[in-house]
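Multiple structures follow.
Next come two complexes, and both contain subunit A; in the first it sits with subunit B, in the second with subunit C.
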Partner chain A sequence: MNRLALRLLALLLLPSAAIAQDSYGGQLHGNFQLDGQWYLRDEGIDPTGEFYPDERFLGQGYANFVYTDGDFSGGLRYENYQNVMLGFPEGYRGEGITYRYLQFKQDNLDVTVGSFYEQFGSGMVFRSYEERGLGYDNAMDGVRVKANLAKGVYLKGVLGRQRFYFEKSPGLLRGVDAEINLSERWHALDSLGLRWTIGASYMSKYQRANDPFLVLPENVAAGGVRSQLMKGPWVLNTEFAYKANDPSADNGYIYKDGNGFIANLSYSKNGLGVIAGVKRIDNMSFRSDRNGSTIDMLVNYLSPTTEVHTYALPALYQYATQINGEEGIQLEANYRFKRKSKLGGKYGTLVSINYSAVQSIDKDYVATSNDTLRTLQGYYSDPLERGTIPYFHDLNFKISKKVNRSFKYNLTYLNLHYNRSVLEDGLSDEPMLSNPENIKTMDADVIVLETLYRVKSKHYLRNEFQLLSTQDDRGSMAMALVEYSIAPHWFFSVQDIYNYGNPDPDQQLHYPLASVVYTQGTSRFQLSYGRQQRGIFCVGGVCRVVPPSNGVSFSLTTSF
Partner chain B sequence: MKNLFTALAVTLLTIGMQAQQLPSTTLKTLDGKLVDIKDQIGTEGPTVIGFWATWCKPCIKELTAFADYAIELEEEYGAKVLAVSIDDTRNSSRVAPMVQGQGWEYTVLLDENQDLKRNLGIVNVPFTLVLNADGEVVWKHSGYSPGDEENLAEVVAKVARGESVEH
Partner chain C sequence: MKQLLLSLGIFTLLFMTPSCDVIDQPFKGNVQDTTSTQQQRNVLIEDFTGHRCKNCPKASKAIEALVDAYGSRIIGLAIHAGPGNFTNTNADYPTDFTTPEGKAIQNFFGTNFLPVGMVNRENWTASGNGHWSPYSNWPTLSSEAIDSTLRIALEASAIVVDDTVLELSTEGFPQTPLLHDLSIVVLIKESNIVSPQLMPDDTKDSDYVHMNVLRDYVTDTWGASFGTSPMVPGDELSKSFVGSWDTSWIKANAAAVVYVYNPTNYRILQVIEVPVN
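After this line comes the complex of A and B, so read on.
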């Protein structure tokens, strides 16, 4: 191709590029991700080959496009699974446009038709969202209207059906939410230094029922009220939700009502941040298909009150919200010792402590031993009574310190208690209450030391040493990681997890993994080779099981 | 064939270089007020927008590592740094205590329904944008590895001086 042809091509392409970006003042943004893995047969981690895919290579990708022009926007997403990668829900098979919408704003009205994500309050009554890494997507398809009718008064209404992989859920959803910012309406509050927002929401689900044995409610309503009160450094959030009886696969088709309560109080000032929270939920599973399971078609979102760990070993034992009932507390404090103080040193020192504990709620199955009552109510629960089965606890301390211009470290200690019967096997409370000796648990102490060393300008060396010490489950593990990064383009990483304490000598395996990442602006290419342990992968208290695998994987992401 | 790639690269670069304004999107401040992102951009100098979340470790590393540079860039070039949290309404109550505990001095905004993240086509956090004083997006970066903060500081300084920046 000669120079002239090149110029012609550039001329042809340039205007289209310009149109794509900036015609009529509008903008096009989007992103693209492609993941794939070549799987290798590994008899160490998978002796029988049950997890080895027939396809040998699995790959999936998607692209999003969003066009905005003033008060108008529209977008779509194309997804492709050939075939879905191990660990993702099997429902993702095939390809198609799974998300498309048009939205416009006019006269304090904001109207969306097609697909959308929305939530009311913290999501206890309704939240539709996506978590791509988890394979979670319960996008609504329908109509959403948001209105700002008077100063400080915000209304939302939604109508539609939820996404179920490449189909839609059988249930319809109709919901409204109102939020009033009282401080915007009454300046007297402002002069007292108070900022107060209250809200209320209502969501109703309709799903046809023609069960030969059960009389099932076709319409199920849920509602909630909430308040956020702020004064100076103090913030108090409270929310209560109620759900009408909704026999489902989750709760064993009982006719009991559900309810949930969350409250937290925080204080943030002068380098100190503290938050304390309590939560209790009872029978709050809410899906747009009463027969749904795992992460499918959830209407609401019950957030966890435990800390999310990203270090590899503690992340093997993450907590997942128990939608049928749990109660918990959380306390988190962060404090920064100031620069040039005794404990702060030259650059300041950050210390944090986090405690969270979750247990079962009180459930009295005996009081419902009468057959009819048992079928209807399942159990009685006294909100003031504490449950007796511990589900999870986590107590951890962290210190982060920059020693000098070229050296930083983070030291973390965690004490974990993890109820494997609940979190891995999904056992309900009843068998555990009658046979407490059969409950499988895991107690561990974990230490993580992370160091960061600046070799020279834009060259950094990062190390992690982790030790998880336990007598339970797979036994103790140690991990070492070395990363070298050259900003802004290159990143190399090598790690090994050694399961030296596994009670089965054949399973005392190494899990090595090496990766290279190249970043150019908003594009990122990653290539990895190694072994992956079986585990549970969680985002925001929603989890999925990941099988063991070995192979070469790549990932390309870009956005524009 | 090589020339074809060059042409494609030129096209892609041109897309990247097109002057982009931010799409008008409503965010929440830490005291619960609703604001448009377009009104939060600095007009005196460059603006850095860092997308983050309380559960995202690399994000916290980036914001902590960049904190010292941010103070210098603000003094020297009138640069403004906005830290946009994509935490949902549940986790957003953890944002203020974390910001205080980390000792960050950034302006923090909440993108609770991830509308701005979606409108800008962002795949994952951390994600960083640099805007010039005219509000045009001139630089974008996805992910964080140690050392990226040094590069970001150089980019901001160049933008402030009106020099061109490349990825």
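After this line comes the complex of A and C, so read on.
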């Protein structure tokens, strides 16, 4: 205990701790990032100036410090938003220490007090995580205990509140997760070549209710069961979750319970990989504030069953998980033709195909004239019936081939269907079922050719040519990108997106962007100048809207 | 195995003791008593809205429901301010409802999405967002504000002279000791304005009736000094204002809104609404 006290003292005196790390055997690590943009007025992309910030210059950054000494660790993160950059949630206002924790492991226990991230299963019941690019952070502040009770038996317990920008959510979360690795406990399974893990989780939130009209549940529970079965090249993951009545701003204050199901089957052997996934979600919005919206205070995470594209043009039309209800499938197959085969050539060829489709779930709405039933139930849904509103589909093919020692390319074709009413305007199913003629969609064919050429030792030239062809939304676009990198320090990039098919001739604009990056050791400095068009930025099915902007931006990252 | 189950049980109990409330009857009966003749603390809901914001009519409806429940103790104020794609005019939405004061308030309190609002401007902090709330939370926040102590009672009268001049007189009566200064704000709002509004189903309602629309401030955005600390029950505060009246406003649909707030934290202590005669 004295040693623990010494470590605590060392952490409180961080600068001293860094100096004294030899004495205690501990280490101090950290990283730092600073981003800023000087915004220029651009009447082409923002005719009315509605996105042009009053401040002209916006900057934000953070620094993490983590001290570890054996089984003990502690850390903190400082963040500043002065002011928050365009496209990030407006809730980030100001500066301060937003994350701090102490953690120790002892007697098969792993105890964390303060801030922590955690996940139960795939996250359908609970996932606390951070995604900096999105401005998403629902870190818990409280206590977490992990215990290894016996061989193959793992328990987690969490208690706390979620981060809400520089404040805390009004709801309190308390949950427990158990996972048993059956193969570790029963060797008979292992000898059959089976690796089987099962788990169960439970999460309850408490939020005070004082609504003058509605009797709101102050305690709302959700639970889930899951299984992962592996044998040879096969892996089967399944998870089912259930949530009790949870009237919220998301579901229109109906008291219907929620449920979700995810299953993924994969096969991987001899260069062939196949994944098949299915998902169904019904009223699974779960927040630690029933009045929360957008990406605020989400308790659970509903993983997407669509492919996340990183190329700029298809990334303009990313799918965001619809937490109120969706059903979807994803099929993916890839095969690597062997080296020196007819199709593989000298270096082999990777071919992949991916198809994903997401649509509404079946919903039979209760008539609004029946107040009580409408509020209690909202709608009835038959899981065996398919919904009728397509939300999204993506069919894509890719070929990746290394032609010779200096040249390789990736060729991609995508066919996209994107329901803008759902994914951009946030329209619910009911008005779309009533007025299907008002549904706005975007159908596109996209071709991307990416090449990488080694000019000489440490000199690389990367190109991208993208074409998005559509009659919908902003119309067709073409993009060209040239990147030249001199390892390990320099990187130069120039790109232009031309929205030549915009139905508004005044908006048939170019979006040029030039960047230079310098890297020294673990530090990286980037300077960019150009236009960014409006779009949707998504990570893992969670998205935010990015407004158009023009200006000079910089980014500095470093770590120690 | 016994030890394992015991540990499992203890661990689970620690974290799972809380349960789940299952609701069979979602509606409450009658709400608060509104028959009291003594002035009680009222609620100002500043509803940041826009005629091209499709979810904003839901916020307006939420205020109507609260007015139905609590009567004149709920005072709505629709402030058309926020992102231009929600509030700007175009051929389909030609009426400019924005005001410089509304924009100034929106900028100061710091939000850029709609619909959103403030209920008596409770919980303001310079770097926080606790003062903002979605319309779905207004019933709860209003209910709590209505139950809180009245610190100053207000009276006011408003009259239009010569069709262009608005004269207002206000009086304040501290109900508890007040150890901070007070500021007073007077503004004009108008209801029953028919003008297009984008609706939640993405259609345009050309005959939409806009309620509680902020028209103009008689004081400046942050008001005028009304009282200096300390103040005690028995003190009487008063202030008169003269402003201009726009002849396009319909008196029968208009009202003067008077509120007093603590200038150190912007918390609104009392608000009243009086007809314009």
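Simple rule for what comes next: the second predicted complex is superposed on the first by the 534 of 560 C-alpha atoms of A that agree within 3 Å, B and C clash if a C-alpha of one lies under 4 Å from a C-alpha of the other, contacts with A are read in each partner's own complex, and residues count from 1 in each chain.
Keep in mind that, in the parts below, a residue touches a chain if its C-beta (ideal position, glycine included) is under 8 Å from a C-beta of that chain, and two chains touch if they have at least 3 such contacts.
Keep in mind the model is a prediction, meaning the values are calculated, not measured.
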item: Subunit B versus subunit C, judged by how many residues of subunit A each one touches; value: B
item: Which of subunit B and subunit C A:V235 touches, first, second, both or neither; value: first
item: Which superposed partner A:S122 touches (first subunit B, second subunit C, both, neither); value: first
item: Touching partner for A:N264 - first (subunit B), second (subunit C), both, neither; value: first
item: Partner chain(s) touched by A:H29 [first = subunit B, second = subunit C, both, neither]; value: first
item: Contacts of A:N438 with subunit B and subunit C, given as first, second, both or neither; value: second
item: First (subunit B), second (subunit C), both or neither touched by A:Y206; value: second
item: First (subunit B), second (subunit C), both or neither touched by A:T451; value: neither
item: Partner subunit C, residues of subunit A touching it in the complex; value: 48-51, 54, 90-91, 93-96, 145, 147, 149-150, 153, 155, 157-159, 164-167, 174-176, 178, 202, 204, 206, 209-221, 244-245, 247-249, 253, 255, 290-294, 371-372, 375-376, 421, 425, 427, 431, 434-435, 438, 440
item: Interfacial residue positions of subunit A with respect to subunit B in the complex; value: 1, 5-6, 9-10, 13-14, 17-18, 20-22, 27, 29-31, 33, 64-66, 68, 70-71, 73, 75, 117-119, 121-123, 127, 129, 132, 181, 183, 195, 197, 228, 230, 233, 235, 237, 262, 264, 266-275, 301, 303, 308, 310, 332-336, 348, 350, 352, 400, 452, 454, 457-460, 462, 483, 485-488, 491, 517, 519-524, 539-540, 557-560
item: Of subunit B, residues touching subunit A in the complex; value: 1, 3-4, 6-8, 10-11, 14-16, 18-21, 23-24, 31-32, 55, 57, 64, 88-91, 93-94, 96-103, 112-114, 118-124, 127, 139-143, 145-148, 150-151, 167
item: Of all residues in subunit C, those that touch subunit A in their complex; value: 4, 7-8, 11-12, 14-28, 31-32, 54, 65-66, 69-70, 83-85, 88, 107, 110-113, 126-130, 133-134, 136-137, 139-140, 142-144, 200-203
